[in-house]
Amino acid sequence: MAPNIRSLYSEKVMEHFKNPRNVGEIENPDGTGHVGNPVCGDIMELYIRVNDGVITDAKFKTFGCGAAIATSSMVTEMVKGKTIEEALEISNHAVAEALDGLPPIKMHCSVLAEEALKSAIDDYLNNSQGMDLESE
Amino acid sequence: MAPNIRSLYSEKVMEHFKNPRNVGEIENPDGTGHVGNPVCGDIMELYIRVNDGVITDAKFKTFGCGAAIATSSMVTEMVKGKTIEEALEISNHAVAEALDGLPPIKMHCSVLAEEALKSAIDDYLNNSQGMDLESE
Amino acid sequence: MKRVYLDYAATTPTHPDVVTAMLPYLNDTFGNPSSIHSFGQEAKGAIEEARETIAALIGAKNDEIVFTSGGTEADNFAIKGVAYANEHRGNHIITNSIEHHAVIEPLKFLERRGFKVTYLPVDQYGMVDPQGVRKAVSEKTILISVMHANNEIGTIEPIAEIGRIAKEMGVYFHTDAAQTIGHIPIKVNELGVDLLAISAHKLYGPKGVGALYVRKGTKVAPFMHGGEQERRRRASTENVPGIVGFGKAMQIAQNEMGTEAERLTLLRGGLIEGLLERIDDIQLNGHPRKRLPNNVNVSVQFVEGESMLLNLDMEGIAASTGSACSSSSLEPSHVLLALGLPHEQAHGSLRFTLGRETTEEEIERVLEVLPPIVAKLRSMSPLLKSRV
Amino acid sequence: MKRVYLDYAATTPTHPDVVTAMLPYLNDTFGNPSSIHSFGQEAKGAIEEARETIAALIGAKNDEIVFTSGGTEADNFAIKGVAYANEHRGNHIITNSIEHHAVIEPLKFLERRGFKVTYLPVDQYGMVDPQGVRKAVSEKTILISVMHANNEIGTIEPIAEIGRIAKEMGVYFHTDAAQTIGHIPIKVNELGVDLLAISAHKLYGPKGVGALYVRKGTKVAPFMHGGEQERRRRASTENVPGIVGFGKAMQIAQNEMGTEAERLTLLRGGLIEGLLERIDDIQLNGHPRKRLPNNVNVSVQFVEGESMLLNLDMEGIAASTGSACSSSSLEPSHVLLALGLPHEQAHGSLRFTLGRETTEEEIERVLEVLPPIVAKLRSMSPLLKSRV
């Protein structure tokens, strides 16, 4: 008999959990986000590569539950090809929705994914402003 | 399937309940006991006939539960042929024992039976003393 | 001869389809619903389905249903739960004198711990007066508890009316619906209740499972403390087969309620009429019309209830009495006394409660068997001496 | 492929013979044990027989066994019951930091209502120090509560020793034996306990039924208030089939306990050894020797428990974790934290609990399947970056 865990997670969540997209690190990324802490049991690291204001690549490393891994995977998929402005508009609800929903007690994972993304973009903006200043 | 109520009452209790001995009244009895009250749901009346200090007949009327009826029946059986002194020694435990025991919550019925007997004997003693006084 | 069971208000046999529904959850799908693996999630799915069924049938939302171990726990949970969660607002609770012990005893417990309880009287039919409830409400009142229908005399209380008053006064309203669920229609919004206690074994479901409906927003402290089951409102590993059986029983009851109530009302009428006709000095207890379709309660003068029961039992007929002889108190039923019955009449009560398997033949048999039993017992009754 | 169930500490399948024993009490012998007619008395007989069986097996008297709806109710009953019945003597209770929530949460509830609770620490293996208990006793101490064996890490506590201290100090002693009953021998006099909570579904009995042993003379207030069932100590219509099933399960467990414990200890040893051999950075939690025969609990560094569980589940293996990801708190298991584990190790725990159907092949399968799962998850773990 096939395992049946749908009452916990949607098939989409399970699909991303089984085959997470964009696992890994980017060498010399343009932005890095690092959120979560061991107390809560979720730690996400998100790396982005930005070219001409467009996110061309995104990767993640995550220590966490099924939802943490699936939201990490999903958010990296969602940002690729988006401009920084578009990416900043990705909410935790959008991530959860793209996964066909999350159980209420797991919504904090989608929040973490949004925060990881914001944090990576912030890092990129800080870095690039720094560079702009330097080149001025 | 036969009814099985043995976990409530012994077979002996049920036997006396089904076929109570000595039901009824004695006309012009030598002693009458009347105990219990409607509040508790048990009322017993016990009648005795005494000849030469020996109880030659006993009858009862009872309003009450299975145990009340069975103990009434049993106590009337037990006193017949006994002297007043012997009858006064019949305890509620003896009545209960003669019935192969009563459930704890029904022991008060045996107490009532003992009291009914005592009360009938008291009544007889009062009556006979009275008569003695008159004839003096 | 087949025995005649006329004590359906005490408990019912589990419906064969309910048993069939439960079986897979004993041995195959046995997981703990709190486990995240497939064994657990399958079990979880099963109890959520039962919750949905039950919620829908009483017009509630899924998360307003909390499963319990029975009606008693649901009543304890409602009463102690509201008391503890609202004691900062007040310590007064209103109930009445004919509630089930599952309501009265938790209230007595709270009284010993500082709460005040008003026990409203009932009329000769066992009816609570809604205006009496209104008058009893004070600033400190946090809860009103009135049962939907009484388990002994079958009287159906004016719950919807009391519900309107409770709402108007801003007081939580609990009803013990153990005797009505699955027997007469229940919609929590029509009744206007915030809490409603039910028990599966009264409607052909299994023993040991019940539920409390808790209207969204109602402040209730948990009663069973421990794990996070039932959205943290009732700890303990869920009784999965029991809950599944409860859901199934509710479904069957809903389908058959209408026709069954009609059928039982007819049989009940026949039994009442027959008894009044064939036995002298007998009276019906409870309301003549506003009563459960399956309830007959009579007082037979000059004889005691248990001795009638035992005699009926020897003839293979199972009934019940409000006499106290089988309980550890010597007081007869508080319900019958509250109606104003004298003690000896309360001790002489008999309750017949009809159900799914009850037939006209069975009713006829009671009508044949009971009169000679009464005659026999009356012949030994000291209360009838003057008449002999 | 047949799924592999290794979560027997969460719940067990009901033994087929237990199901067979229960069935007649659902539909045929369905009476309410409080009824005095034959239907009722037959049911009464059945629960008294189960009571006798269970009492005999733990060396108790029949009337010292009170049936409940499970382990949680038994714990709530013991703790709140002793507290309310003895508050005139004192308001202090001693427990420890690794009790089940069914003990901790009732204590938290009592703390909010004025009681004082001492939570003793445990050592790195989860052991409570009996001398620590002795030192914590004050004049106001009315109860000591220490579980027989821990449900997560399997550590068996020195109950008999604590029992002697409790007796010496004149304080009631409760033990939660939900994880040991039917698995290791229990005699209440040898343990020296006044109260002992057990649950049927942990030993191949049905869910929704348990019991509390209450030593004669122990002052305990009822928890479930209502009717006069269980000698007025626990109201509510008895779960007759559940209780009968519990009795049967106890009987079977008693017969098979010795050989089964031996068999499981061997399998457990193989699983622990294999895991430590095949996976780096892994450690055993709980006591190496004084542990339940069926319990394996490990912390796998750098990975989180639920994600291991889900992967195992996809391979058809059911286990459990002390990670909090599936509960509504974000804190991992209080038990693992109490042992001194850092948070990330507590989040990375896995519990395998073995049982009646566990085979060597199943253990071998876990040992094949888990290492690549850990490797995969570690490859995505930010905690392991430095090592990649």
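Details
Letters A, B, C and D mark the chains as written, and numbering starts fresh at 1 in each.
Convention: a residue touches a chain if its C-beta (ideal position, glycine included) is under 8 Å from a C-beta of that chain, and two chains touch if they have at least 3 such contacts.
Note that this is a predicted model, so its numbers are computed, not measured.
Looking at subunit A and subunit C, the chains in contact with each of them are D. Each chain's centre was taken as the mean of its CA atoms, and the one lying most distant from subunit B is A.
Averaging Cα coordinates per chain places subunit A and subunit B 89 Å apart. Taking each chain's centre as the mean of its C-alpha atoms, subunit A lies 40 Å from subunit D.
Rounded to a whole number, the gap between the C-alpha centres of subunit C and subunit D is 34 angstrom. Chain contacts: subunit D has residues 3, 36-38, 306, 310, 313, 316, 326-328 touching two or more partner chains. Counting partners per residue, subunit A has 3, 5, 8 as the residues that reach two or more other chains.
By the touch rule above, subunit C contacts subunit B in their complex via residues 3, 302-307, 310, 313-314, 316, 323-328, 330-332, 342-344, 347, 379-383, 385. Taken together, the subunit B residues at the contact with subunit C in this complex read 1, 3, 5, 8, 14, 17-18, 20, 23-25, 34, 38-45, 60-69, 105-106, 108.
Subunit C contributes residues 3, 5, 7, 10-14, 16, 19, 22-23, 26-28, 30-32, 34-40, 69-73, 75-76, 100-103, 105-106, 108-109, 199, 201, 206-209, 221, 224-228, 232, 235-242, 306, 309-310, 312-313, 316-320, 326-328 to its touches with subunit D in the complex.
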